[in-house]
Amino acid sequence: MAGSSFGRLFRVTAWGESHGPGIGVVVDGCPPGLPLDAAAVQEDLDRRRPGQSELVTPRREADRVRIESGVYRGKTTGHPIAMSVRNRDARPADYRAFGTAFRPGHADFTMQAKYGLRDPGGGGRSSARVTVAHVAAGAVARLFLSRRYGVTCTAWVRRVGDVEAAVDPERVTRERVEQSPTRCPDPEAAEQIRELIARTRSRGDSLGGVVECCALGVPPGLGEPVFDKLEADLARAMLAINASKGFEIGSGFAGTRWTGSRHNDLFRTEGGRIVTATNHAGGVLGGISTGMPVVFRVAFKPTSTIRKPQPSVDIAGNPVEVAGKGRHDPCVLPRAAPIVEAMACLVLADHALRQTAIRTGG
Amino acid sequence: MAGSSFGRLFRVTAWGESHGPGIGVVVDGCPPGLPLDAAAVQEDLDRRRPGQSELVTPRREADRVRIESGVYRGKTTGHPIAMSVRNRDARPADYRAFGTAFRPGHADFTMQAKYGLRDPGGGGRSSARVTVAHVAAGAVARLFLSRRYGVTCTAWVRRVGDVEAAVDPERVTRERVEQSPTRCPDPEAAEQIRELIARTRSRGDSLGGVVECCALGVPPGLGEPVFDKLEADLARAMLAINASKGFEIGSGFAGTRWTGSRHNDLFRTEGGRIVTATNHAGGVLGGISTGMPVVFRVAFKPTSTIRKPQPSVDIAGNPVEVAGKGRHDPCVLPRAAPIVEAMACLVLADHALRQTAIRTGG
Amino acid sequence: MAGSSFGRLFRVTAWGESHGPGIGVVVDGCPPGLPLDAAAVQEDLDRRRPGQSELVTPRREADRVRIESGVYRGKTTGHPIAMSVRNRDARPADYRAFGTAFRPGHADFTMQAKYGLRDPGGGGRSSARVTVAHVAAGAVARLFLSRRYGVTCTAWVRRVGDVEAAVDPERVTRERVEQSPTRCPDPEAAEQIRELIARTRSRGDSLGGVVECCALGVPPGLGEPVFDKLEADLARAMLAINASKGFEIGSGFAGTRWTGSRHNDLFRTEGGRIVTATNHAGGVLGGISTGMPVVFRVAFKPTSTIRKPQPSVDIAGNPVEVAGKGRHDPCVLPRAAPIVEAMACLVLADHALRQTAIRTGG
Amino acid sequence: MAGSSFGRLFRVTAWGESHGPGIGVVVDGCPPGLPLDAAAVQEDLDRRRPGQSELVTPRREADRVRIESGVYRGKTTGHPIAMSVRNRDARPADYRAFGTAFRPGHADFTMQAKYGLRDPGGGGRSSARVTVAHVAAGAVARLFLSRRYGVTCTAWVRRVGDVEAAVDPERVTRERVEQSPTRCPDPEAAEQIRELIARTRSRGDSLGGVVECCALGVPPGLGEPVFDKLEADLARAMLAINASKGFEIGSGFAGTRWTGSRHNDLFRTEGGRIVTATNHAGGVLGGISTGMPVVFRVAFKPTSTIRKPQPSVDIAGNPVEVAGKGRHDPCVLPRAAPIVEAMACLVLADHALRQTAIRTGG
């Protein structure tokens, strides 16, 4: 059914396949009067783009975005904002070799099972290339959040394999994240990660890890108390990113080992505002933002495409052997960070608009 | 805005406050012809009910469900199924003592910030009591999944504090889970957990932990490839449960430390079906079910209500001290397991109907 | 699928069958802080109630509404407002006589075709009795619109059979409408209609007609320019009322005979506000309210249930004869007016909240 | 808010402005395996296209559609189908002359009131040019309905001004409709309409009228009994078309003058199928299709843009005079017919998929 949309008031509808003509997105519900031009969107797309460093896939895509509607004289009009990029370096032939073989860890089998047919070109609609749409839409949401609420949202590589960065979430800036192609803001860990990725790639293997994200300036009151909790929508957004396997907010899985007396964040007054002394909650209580930083982490599995040959089966169930020939990332983490940011911005923008209807509607 | 619904084709709308007249839910979209009576729903509600053992809140609620529409001569009609239970043992006065104080770890502050006013009775709409609706609706979804696909879905307590159970997800049955009031199917761990909870409660403190869930018999093809991935909707459902702080599917956070060659589940043919040799994916690839068991875990923080006095502030920002007087669970895990099951069934039923529209619509 | 909800931000979910335990509705999205008690809802329900006069069905239902959630100390909390009424005078046995016969003009045949089974009690979910839910929800919407915007919304019987009232839509008040059990505010026409209905009923036949509705005080800017036009949502709401066959706004079908130079409403300034000299548009331009009165009409077919015996077929296709034995209205118009009002208020409240997200969100 | 989508399972999201780069649409939810190429869509777009005859606007647009996703080797994949056309003959300068003047009968004033700013180019998002998206999406829906159910859906001009065609809805074919540029299938009336339009245009004035539409082959069971009635969704779809002011199905407004004994369509068995002897219902009972032809009519007001100068006001409320300089249709009816068809197909396709989830889901 119609499952290619995300958000309710700040609503995104995405389209496109990895090796088709292009990828696009329609952002519907962005309020009028927001300054917007292609350059602002391009900046975020450039961070997601392939071919940025030796750490990522060598596929060469300029990913130049076109804004095709919804903007008049440099401002949003309140109407749908259509954006698209062309696929330039599509090489569907690279995938023909797989024929009807099901690549391990990929959606080849499940897409066939679901639809009864599939476009084999680089995964088609299952490819991580579809996240071009997420990032373009997220850039609009980010601008909206920044202009309207002063929110900043930054994501970075917290861990790759067993190499973990030492970072204070509230102090990470985009500049520090961008200093290394690993997108790890701890220079020492970044260097180890760079080496680990290079070593693993050369062995024909791949790595996973954890991306962390922090949104500062989120006003109290975003999110709803039962099903549409802010953390629930963030979790959904993060598990919707290709290759993610987990989500935790605030103290997450580690905090489940504590007692309540340690875990509870105590309220106090600071400069006339009510804040909490600690932030084990990760900026949410009962599904609603507290005004403290929203901090969460996302688990990404090791890339499924590897050069090492692996046994599998084809559509008829016959044994085959597959080995990655297409271009791919030995570790998705560096490019996942901007996607995490984008999805977080979409969730926050949606809940910001929803809260408007609740508080100023009454 | 209108945020009290869940699901798209199998759609649930919930209402009610902890210390109001009752809790209810409307299930819209359940196909016609499904045998349904109150007893089947009651069985699941009885597992969620307070006062079942010394491990949980002593609030005494019979939680007798009434089915008020959508069933004719013991079968669903295809029309909305309205169900409700009365609150019998509501004691809003227990909460009056808190006045406008914000209990640490609770939604008191965020509800006030969001709505500008709040019903203080036991958390009102933020109370875990609202999950009566989740469980009643989930019972209908469970019946639908069982009758139509032979799906079974079981959740249990995997860990409380640092006590972890040794279990094989594919072999846990509801019977084994129900043998202990802890809902931990490993008898040794169950006993340790029982003692740990008793000890912690007597100190006026609380505990967290992890619930694990496994759905068997899920056909391949449920879930959609971009935003509405099965794991994304499961993540959202789980983070929508009170006190949850994290979700992981299959290998989850641990698997992010592995290499791709270890993580990839290899396809093979078994009895004419395509299966995978391992199930690190947890039953999903690219957002779509593989036909293997769907296995995931949910992190629950230690209960926020504790008897130990804690400093806080009131609505005016003045310092106050609060200590749990209302009835509460020293550890939510035993009662969280049936809620996890219910939410998982709602997600699976929704995607099962969606897949029907995709494959038989064309 | 899940089709029992209406509205997007001010969202209603309805349940219940004509001869089941009761009828109910959940209103989700009503902003917090609105004064609300059962008496305000009851007043509107009393106007829809059967048994008010000799013109309508003698079924005797008190239709006492209970508010079960979402209100605290006389004000809405922002949480779902559940309301329900009991069915007291259900007589499913009256319908058993029909067995599996399909009553002409009724949904018996289509419900059977759609669901494969049906609850025959007085039409079950197809009965006009389900509009109890519409009116209860509409009463909340009406209060919201009145308090927040000063909107009033009034509907009346404009025509029954060939008897047409002479009324100025902008001057009709609820008081004038309620002076006659016909709900026709033109006393002369009202008397003729009363006689016509009595005469037709005595012949075992039934009548149709037109309800007109006018909303005053609707601010400019409600409605959206492409699919979600205000008039589109009003049309949908009106055609969703049992027995309605048509909708027209402003000049409607008659205006299609005019030329553009006659039809165009000319803008002018009046007391600092921009208004139009005429209102052929009926208060909308391009799907968006102009600030002028919103005026529209709804066509209702003659009641399908008549005492006169009619030939039909049963579920097996065998010829049968049916004659109305259940209680019914010989003309739905008098009771349709409050339902039209209610549905109009639901549409306006929804668009009012949507506009809030557009203008204050940015 | 996000109001540019239509449909729930067969879901359309539209974008684009009259004098921007282009118009586009994403169709999400079309089942996989449907044969689809650009030619099939183009055929429908060519019927909507401007410049087809002297009866319509001389704006010259090739309106060549590109399909950018969702089709692989000539078949739909089940993924979003993105389509777009370029605007070639945009002349925003034609509209600059209006400055901030509000054209009578247009959305200039309401768009300004709603969004606080507007793109003045030919109405921007309010222009009838946006219906390119409706027709492109409707072409996909039409193919789906035709292939899957054998449904045909045809619309024609029933009346312009006072010239009414004599037609039997069940016998009209697309071929007969296309024989005249008026799209009136009654040759005599067509000739009178052609003359009437020419005469009215030469006087600088415009005309309205009625489009009629008939869908044959619709299976019984489409539509839902309470809010999502088939006729309700058709009404909404029709009132969402630019310049429409009314909708009626079956006997419509005329039938409200009849008695029930005349209006009721009597069931009988014909060739093993249950049918009705007459079809005053217009193919629906209680919101659900009966299997008889679905027949409805849509009222279109006379075109608001006329060459005759008319007094108006500008954004500051100052008096101005406006006269149509842009290219426009003196009567929208001939081009409205394919748009009515397209919207009807979207509604029917959506309900067809919904019914699939109801009947095969259970």
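Think of it as A, B, C and D in the order they're written, each chain with its own count starting at 1.
Methods note: a contact is a pair of C-beta atoms (placed from the backbone, for glycine too) under 8 Å apart; a residue touches a chain by one contact, two chains touch by 3 or more.
As the structure is a computational prediction, the values presented were derived from the model and not from experiment.
Any chain touching chain C that also touches chain D appears here: A, B. The chains that touch both chain B and chain C are A, D.
Here the spacing of chain B and chain D, counted between their Cα centres, is 46 Å. Per-chain Cα centroids separate chain A from chain D by 39 Å.
If you average the CA atoms of chain A and of chain B, the two centres end up 26 Å from each other. The multi-chain contact residues of chain C, meaning those touching 2 or more other chains, are 1, 3-5, 8-9, 14, 29, 32-33, 78-79, 114-116, 125, 225, 353-354, 357-359. Chain C makes touch with chain B in their complex at residues 1-5, 7-11, 13-17, 20-22, 24, 26, 28-29, 32-33, 66, 68-70, 72, 75, 77-82, 84, 114-119, 124-125, 353, 357. Chain contact summary for the complex, chain D toward chain C: residues 1, 3-6, 8-9, 14, 102, 104-107, 109-111, 113-116, 123, 125-126, 130, 159, 161-162, 200, 204-210, 220-229, 231-240, 242, 244-253, 255-269, 272, 274, 276, 280-282, 284-291, 299-306, 308, 310-313, 317-319, 354-355, 357-359. Residues of chain B touching chain D in their complex: 9, 29, 31-34, 76, 78-79, 148, 225, 352-354, 356-362.
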